[in-house]
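The following blocks contain the structures, represented as structure tokens.
Consider the two complexes below, in which chain A is the common component and chain B and chain C are the respective partners.
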Partner chain A sequence: MTVLNPTPDAAGASVEPPSDEPQMDRSGRTAARRRKLFSYAILLAFTALYVGPMLMLVLTAFKSLPEFFKNPTGWPESFGFGNFVEAWEKANIARYLVNSVLYTAVATAICVFTSVLVAFPIARGYLKGAKYILLLYVVALFLPPALIPQFQLILNLGLFNTRTGFILLFLVNPIGLIILVNYIKSIPRELDESAAVDGCGYYRFVFKIVMPLIRPAIATVTVLHAIGIWNELVLPTIYLTSENLYPVTRGLIVFEGLYGSNWPALAAAVLILMTPMLVLFLFLQRYIISGLTAGAVKG
Partner chain B sequence: MKIVTRDYLFARGWRSAAPILLLLPGFGLYLLIAVGPSLATAVYSFTDATGIRGIAINWLGFENYDEFLFRGAASRDNIAALWRTLVFSFFVTTIQFGLGLVLAVLLNSRLRGRTIFRTIFFMPVILGVAIQGLIWKLFLLPGGGPVAEIFSWIGWSSEFLGGQPRQAFAWVIVVQIWANVGITMVIFLAGMQTIPESLYEAARIDGANGWQLFRNVTWPLLTPAVNTNFLLNIVGSLQAWQLFLVLIGYRPGTQVLGYLVFAEGFGQTSGSVSSAFRQGYAAAASIALFMLVLVIALAANAFVSHREKKYLS
Partner chain C sequence: MASISIDQVDKVYPNGFQAIHGLSLEVSDGEFVVLVGPSGCGKSTALRMVAGLEQITDGELRIGERIVNDVEPKNRDIAMVFQNYALYPHMTVAENIGFALKLAKVPKAEVTARVNEAAQMLELTDQLDRKPSQLSGGQRQRVAMGRAIVREPAAFLMDEPLSNLDAKLRVQMRADISRLQRQLGITTIYVTHDQVEAMTMGDRVAVLKDGYLQQVDTPQHLYDRPDNVFVAAFIGSPSMNLFEATFEGSGLHLGSHRLALPDATLERRPALATYGGRKIAVGIRPEDLEDASLATDAAEGAVISSTVELTESLGSEIVVHFALDAARVDAGNPDAADDLSAADAVARFDPRSRCRAGEVVDIAVTVENLHFFDLESHAAIWT
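Up next is the complex of A and B:
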């Protein structure tokens, strides 16, 4: 399961959570404190399950191979960057990164741009049968998987193991389209009326007025779609056989196949690829949320 | 012929073709690479298509289905994989739902650091299966790994992902929940934020305790989030198989239906073009999985709308 979920995250909302402690007598207060301690105990236990694996990864990335075999779990003897250099060189990380950036950027740009052009007339009901077009996007979530015929299509187009063929797979996003439609509905129709009265044409209206106005929704869909492509593992496994076309996910798994027992180098490779994602996530988390809540508030 | 409706406000005449011209690339792509192939899966399931271009494709009727469900040792494996898919889905759905709810309840109070906790629990979602899988492969290192160490303190030992099929399977369930409980939690949190504080105050004045507040205010008013999570968890876990690929590969006694489709259609660990891959058969398997998901999702949906009527009318 991916993060492609249109539900607004609670994180950005500024609503204060219900307070645990209105005016309470002394015994009520100790009970509340005990409850708080209990909450923290559970949360910290869970945190250990999330921080533990990460810590293991970081510690491993700083150990030499013999050191790792001798003592996999403990603290490393010294913190050198030898494994990172080795991983960077042997795992072709630079090339995979370039590929991933290329696939993600091109496919996301095309997908979002064409989706806006579909979403606008549907949201406004400007086209005959707009309702049915929207329905076709909604039921997509309940149709059988397209895996096999998609492969036959790419194969017969002669696009197997090509960048074009691979990018083609990521050019649509039904959930993203639904997010866009809902957001456009929140923009007052009077805007269309006054623009039309002033003699503004459809093209100019869509490109110059609608697109800037729905920027929060565009940002949301862009981020969700891009994350989905970046993390995709199965499709590159199926469609790309040349190593120089691999994105980072596939590259990592292939590196694991070759260096499976060399955990320090492998851990370093994982860490190199994970860190930018985590940093980006810390910024985007808020961004995704503000985009979604802005759409919800305006309606 | 008129393409636009009466509501259309912009210039008419030949220029009213503008909306459809702009819509066509996106909609065309959608039909070509999503809807078309999706529907064609059913057609391919009646053929002997392979992974090679240019080989004639023959019509087989129900042959693939017959073989998948009823013929020989392979069909017994398939049925076993079907049961395993249900077991996987049951454990993932119930545990992920429960943990997600507990975490959301805890984080919806005025605890210091709750944003940090929330970020930590949501983090794996952003990393994707390849990194999730590798992190846990390392964490579950048999012989000296952290989990192995902790197990040894209490006298347990385990081969983890390399152990007996049942054991490896159970660990994949653990990682699957670890990776996705953040989504469930965030959806619950979003639902909780829509519950007005005044209701809690009123209930407190009536003398309700913590459990009663949850049972009589939070739970019923959380119905939309509960339903969303319930359905998403069921459907998601029935279709999930990618962590199996990263964590244990295609091992006998561990496959779920999703992995089976991939392995029959594209090989067990990596894709390539080969006549050995029976894509018609794989299409039949994927239709079988689809029917399973559909039946269970419809049942779950009926249950959920029944609940909705009970609480929200």
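Up next is the complex of A and C:
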């Protein structure tokens, strides 16, 4: 999830006091400078907090196991890709990657698509009790995960240890829905009415007008949801027992040795695991910032 | 093309609020009718019921010969222009204009031809490939118009289409819309809260207040013979001066002033005789007040003298505010933010007038043009 956290620069834009205010007197200017210095110090501390562990992960991935135990925090002796090769083979990444991609892509696509169809009428109040339905989603945010009943349900449906059953676990995302609802509210209602007068049907309106206009929100929800599935470690260990169904995360468990873990190989595997989501994020990034701040659609 | 007939229509919103009370209005084929009234009077509600965007609670609505109470908006053959234009931000101007035609499965070549024709009419040809965000307010407004006219609908419905434009552009677009409507001859209902827009654009103007229709008539007739105090005050700028006065025999006590009424005026309004000795509301249009030194034909006993409080010179005329010691009559316009306690009347003097603030001037009243209303019912007193 590290990738989703706002970069220090983006955070800086909001923390930094407006420095170009004309402040003529000297004391005002030094006060402004001091404030600026202070906020940079805080930002630096946060940056260290985020970058530190990342750096450590990267450095570890280039060390041999004995080297790691001798010098866990220092610089590696050489930058070789031995750990990555080992991780790729031992964790069966090539094989499990197909599963991970399948689960993430299918579940995210279904979740986002259905969420838009649900979010639109809720945002517009086009169905009775829309407010309460939304409230249900908000409540769902605060409930603890219902592991046992969920497990029973999947079991009774005969979907335990199946791809369908596993995908079924990831079809709802309350936060995603709330983001979509709020974003849709920024689309002027007159667009709906104008379309209705012009003879545009409901579904056509949702697909041809609403979807293109809420692209930022869709990108945001897609990334949020995809990363959640991609990085999920607990549910695959519960719901999937056949090796040929494992996602990549499940493969990482091989590095948990009985007598201590193979940290460098694990670090390399984690870096490999991260890469696809990082690429997805970079790809959708230009939409995401505006998706999180829910800008208004200009008429 | 078609007529629109609104018959005894009521609108009660789900929260129980009744926004429209028994509205009846006939709009004939090709006519331009303006719905005007203060904010919240139900203009948009009425228009949206015609469009089918709002359910009709009671009454009957016909477009052409067809009763359309329960017909879907898209099947009413109408086009609507919204205040915020409701353009699709992700589509180009051409796509916006052609969208309805595309939905109607009109062949591509014909869509292009009709879009180009509309663009030409609205001088949008150079903007066809742009997105709405790259247009000026006036251009967006024209795109919204274009979207309506390509469809060649039976009727145009417009809800304050000019209120997002600046004053100068508004005047120009006002003329453009009128010209276009005449050229196309499409039945139009146009909603505005601006009485100048209503007067200049409408073949007929319907004045609405609190969900009740007050009067429907041609602009000139509305101005000359308002049916009640509200219409009298709403139409015209500056507003008609409305004061309480006591009617007595052949004259009028207006505060400490007395105005003699000519016999002809009394004969034209026989009902006035029954108000002898009683209070009525009298209305004086600002142009019926003139600097007495310039009004050579001022009638006997039709001059009041008062202190000028403020003058506003407009070049073509001088707007003069002066004190009048009679009680003001509240016309009931929630949008008029003037202070009733300040007994203040407004006159439009000839620019040659030399009057200054603080001076006492003689003001000639054109008594033949006075308006009289019942103080209780606010209805005009005629017969």
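In this section, the second predicted complex is superposed on the first by the 168 of 299 C-alpha atoms of A that agree within 3 Å, B and C clash if a C-alpha of one lies under 4 Å from a C-alpha of the other, contacts with A are read in each partner's own complex, and residues count from 1 in each chain.
The rule is short, and it goes like this: a contact is a pair of C-beta atoms (placed from the backbone, for glycine too) under 8 Å apart; a residue touches a chain by one contact, two chains touch by 3 or more.
Here the structure is a predicted model, which means the values were calculated and not measured.
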item	value
Which superposed partner A:209 touches (first chain B, second chain C, both, neither)	second
If touched residues of chain A are counted for chain B and for chain C, the larger one	B
Which superposed partner A:188 touches (first chain B, second chain C, both, neither)	second
Partner chain in contact with A:241 - chain B first, chain C second, else both or neither	first
First, second, both or neither for A:196, with chain B first and chain C second	both
Touched partner set for A:140, first chain B, second chain C, both or neither	first
Chain B versus chain C as contact partner of A:118, first or second or both or neither	first
First, second, both or neither for A:132, with chain B first and chain C second	neither
Which superposed partner A:79 touches (first chain B, second chain C, both, neither)	neither
Intersection of chain A interface sets (partners chain B, chain C)	193, 196, 200
Chain A to chain C touching residues, read off their complex	188, 190-191, 193-194, 196-200, 204, 209, 212-213, 297-299
For the chain C and chain A complex, residues of the former touching the latter	51-53, 72-74, 76, 78-80, 82-90, 99-100, 103-104, 132-133, 140, 147, 151
Residues of chain B touching chain A in the complex	2-5, 7-11, 15, 18-20, 22-23, 25-27, 29-30, 32-44, 49, 51, 53, 102-103, 106-111, 115, 117-131, 134-136, 138-139, 141, 143-146, 149, 178, 180, 183, 186-187, 189-193, 197, 200-201, 204, 210, 225, 228, 232, 236, 239-240, 242, 245-246, 261-262, 265-266, 269-273, 279, 282-283, 286-287, 289-290, 294, 297
Chain A residues touching chain B - in the complex, by the definition given at the top	1, 3, 5, 7-11, 13, 15-20, 22, 35-36, 39-40, 42-43, 46-47, 49-54, 56-57, 60, 71-73, 114-115, 117-118, 120-122, 124-128, 130, 133, 136-137, 140, 142-153, 155-156, 158, 160, 168-169, 171-172, 174, 192-193, 195-196, 200-203, 205-206, 227, 230-234, 237-239, 241, 248-250, 252-253, 256, 263, 266-267, 270, 273-274, 277-278, 281-282, 285
